[in-house]
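In the two assemblies presented below, chain A is common to both, partnered first by chain B and then by chain C.
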Partner chain A sequence: MRKGKPFLEVFASALNEDYGFPVLEFVVFAYTVEITIALETFGHGPEPSGDPALIVLLTNPISAFMLVGLMFGLLVLKNIAYSFGNDLERGVIVSFLSYPLRRRSLLTAKLLSSIGVPFMLFASIQVFVIFLLVPGMVSPHVVLLAILSVLSYPILVASIVLVLTIFFKRGSKALFVGIVLYFASGFSWLLLLMTGPTGLKAAAIIYPSIALQLHYKTGWDPSVLRAWTPSFNEALLYIGAGYALSISILAAAYLYFERRLEM
Partner chain B sequence: MLVSIEDLAKSYGRVIAVNGLSLEVEEGSIMGLIGPNGAGKTTTIKVLLGLLRPDRGRVEVFGEDPWDNPNIRSRIGVIYEKAYFPPHHKVLDYLERTCRVFGFPESRAGEMLEMVGLQEAYNRPIKGLSAGMLQKFAIAHALIHKPEFVVADEPTSNLDPQARSDLLDLILRLHREEKTTFLISSHILPELSRVCEQVAIINKGRVWAQGRFTELCERFRVGATRVSTDKPEALTKGIEKLGYVRRLEVDARGISVDVAQERSQQLYEDVLELARKVGAKIFGIESGAASLEELFRLAVKASREGDA
Partner chain C sequence: MKSRWITLMGRTGSILIALGLASVLLSAIPPRPLSEMGPWRFTSRPEKYGIIHAEVYLPQKGCRILITTNGSLQIYFLAAHPLQLLESIKSWIKEHFPTLNETQVLMRWEASVLEAFLQTRPEDIMLKETVKGERSIDFFPPKATNVTVLVSNPSLMPVDVNGKITVISTVVPRGRIATTIEVLTAFGVALALPKIVKKSKDYVRSR
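Now for the complex of A and B:
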């Protein structure tokens, strides 16, 4: 029997469909420019402690990193909804299922394109470019953590959207619900924050950037800081917990999708 | 047997699509799958392609369970009634990709496009193809990896008459030269009768008859003589009394009379004699050529009577 490369070809095909218009490249470029401008605006030169520019970036609600998370979220939701939902709706997935490839490999290839590729780009290119453009201003590992802390939540919502696609079998419907869920959960955090330390910690598991921001103690109401100021290690733990939660839900969604994928 | 299905059952919620269906497809044969809408043809095809998981029953293709089985997919080509492909890919690019998937040289993509007459559309995006062109593209896609078994669900839908004829010729050529096995589901029975040696008739989720076309025609007594007259009622009474008549039906087109082949000449003479006696005009007597439509109609009727 001839040996082909079905996994790589499905992955390449998914990349072609997910990024027909160079959205990803455009987004990465725009945010790199934005972060660079932000860093240039907020200060020059290495600070002995505190990295004030970084603190501004981490804590200001309209900071570039928060927006990176938002844009990553929207991109990933769009990819999942269209790559899976539209393929189910239009029956395109049937043509992939005629390839000599297990369902699990098919889903993995499409998930890599939908989530893996943007995650790697957002996480690595931004750090690389910031470090390249503004050397010495910020600690690369802290920037990496800051970016990582905002990327786990979109993965969690994307996992829920993945399950929704198999229910609705319509990409646009799944995307709409996903976007509503993404923003509605922002309001639920506010409610959680008001319930005191327990709510704060619960919100920090879902959105670990909160823990990192509280660790740097700026941009927050003093009453919140009195309620809970995590150590750096605690912040790390919350980032890890956030990813553990997101990846667990993604794995569950993946298995559920694989089992329910009947055309 | 290349395909062996035993006691297959599949439901969608409360709707029973297939219930107790058994079917066998011999290696090297061309089998037609016929049945009314909602009979369970497409569900059966989807189960044997591994797209649906059966609720009950045993399904084997090439001796293996088709569910999530990549081994057998390299050996199967599929032409769907509605062909869908990633819309933004270009025609040639996508077929070249399919060649790489199955380990064939990319040059085969161009050859296949020429074979189905799509050489003009090499650089078009798939979403820019018309329905007929998309069906031709689906045929090229299904055959690109030289499958041993081709499953076609309404393969001629959207094709113009010339393209339909070309596809049927291609099926016969592949069957003759490559010994390719075909399972073809279609509503266009004259087309099926042109290529199929064997037929399976599905109704209400079960196979009601399966076998060689000639055997089934004999079994369901297909090939009745049709008598057109101005006084069908009067003539029918006389024909009923002929001892060698096996079956008789009256409809808007006239009287259908089923007799053994060797009695055809006698029937012709007796009908003319009866017509003279009752004063009926005879507009025509057609000796019955067995048609798939007739077989289908009689088999479905028999299945309904059996069901009742």
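Now for the complex of A and C:
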């Protein structure tokens, strides 16, 4: 058996299990329609004004989390907590361990299906819509940064849910925590905002899109903009910090799955 | 392993088709009116032309001209600012009729002059339509453009014109979305075809 073959087998099986036809197709259809209408209606309509406008369009809660955007997040949580949790709970994962595949590769194949596919589609649809609506008027690096910043928090929640799922070996508790964290995001950054610039900086680690919005001086009340205006490098640093946080939690999940988890 | 690839390609294809269908739905949403000018009425003098409208338009923001005439008229959508256009026409007249004085140049609103001038600048004509009776024209430029709309009456009879201009906006740019739909659907069907064939074969075999 070639080296990549078992990995592909696990990945294909996870894809099959995570997304029955036509769940993914429906989400793609609905999200494309939703984000296009949201960008046109709540954004700057047919008259965009460069990168700052784009930052608002891509990173505001309307385009990122409203309705179907939220479905991507919930789909990821369901895949990790419910599908992967069930595999752990019922011992299905043991059959995968019989493949000539390292534990970390097994987890990577599972995560590629549960987190990689939906977030890749989420980002691809945003890029597709942006370049359909305002081609040539936006900088590709700003599109990339906006998408990275907006995906940071859902990836952080997904990492926490993964750790909890592996730790409890069942998904129900982890799914509950994940959903609460996901929905609490709106309230938590408002609370952090009230504590002043320090709270704002703390919130920007968890939601790096705040740093990007404040750098472009857009999407916020003028009083907040006066409180803290990060430089472009600082905004990058906050996006990096957000991902570092997620990566460290994911690393803990990998270590626990590889060395400590008993089946 | 081959069947795994067919499944993966099939799924990618069905996702592209879903994206194409979403684009079809978005392009089917009718344009919404933003503002309205008119109704107005005037008489277009024989063998003369005149400017009826000028505005900056975008691929998503265009105009709908509803026009009713009792004779044949030419409507031009030109990619030029009205002042620039008039200046260019003036220069063209001075170049071709050097004996005319300034006042005579300014008075030359002749349809034949416009025709001859536009023959030297065909790239400026974004849309040219002949109107007789009642007609509605939707116009969206492929990119942000200064648009001047002219009405020219090349006939020897005066023509009564009733019209209304509505600035309209679409969710997606009409020009770009058509190509996008074609590409997405073509790739989607091509990728999904092996899976559809396989499924059909399996179905026939099972019966």
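The working rule: the second predicted complex is superposed on the first by the 210 of 263 C-alpha atoms of A that agree within 3 Å, B and C clash if a C-alpha of one lies under 4 Å from a C-alpha of the other, contacts with A are read in each partner's own complex, and residues count from 1 in each chain.
What we mean here is this: a residue touches a chain if its C-beta (ideal position, glycine included) is under 8 Å from a C-beta of that chain, and two chains touch if they have at least 3 such contacts.
Every value quoted in this text rests on a predicted model; they were computed, and no experiment measured them.
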Exercise. Just chain B (first), just chain C (second), both, or neither: which does A:L15 touch?
Worked result: second
Problem set entry | Partner chain in contact with A:K5 - chain B first, chain C second, else both or neither | both
Exercise. A:L121 contacts which: chain B (first), chain C (second), both, neither?
Worked result: second
For this session: Based on the superposed arrangement, let me know which partner A:Y99 touches: chain B (first), chain C (second), both, or neither?
Result: first
For this session: Identify the partner contact of A:E262: answer first if only chain B is touched, second if only chain C is, both if each is, neither if none is.
Result: first
For this session: With the two complexes superposed on chain A, say which partner A:R90 touches: chain B (first), chain C (second), both, or neither.
Result: first
Seminar exercise, completed: In chain A, both chain B and chain C touch residues 5, 9, 12, 16
Problem set entry | Touching residues on chain B, where the partner in the complex is chain A | 46, 49-53, 68, 70-71, 73-74, 76-78, 80, 82-89, 94, 97-98, 100-104, 141-142, 145
Problem set entry | chain A to chain B touching residues, read off their complex | 1-6, 9-10, 12-13, 16-17, 20, 87, 90-92, 94-95, 97-103, 262-263
Exercise. Tell me, which parts of chain C touch chain A in their complex?
Worked result: 1, 4, 7-8, 11, 14-15, 17-19, 21-23, 25-26, 58-61, 169-173, 176-177, 180
Seminar exercise, completed: Note: in the complex, chain A contacts chain C through residues 5, 8-9, 12, 15-16, 19, 21-22, 24-26, 28-30, 32-33, 36-37, 40, 45-47, 121, 125, 128, 132-133, 135
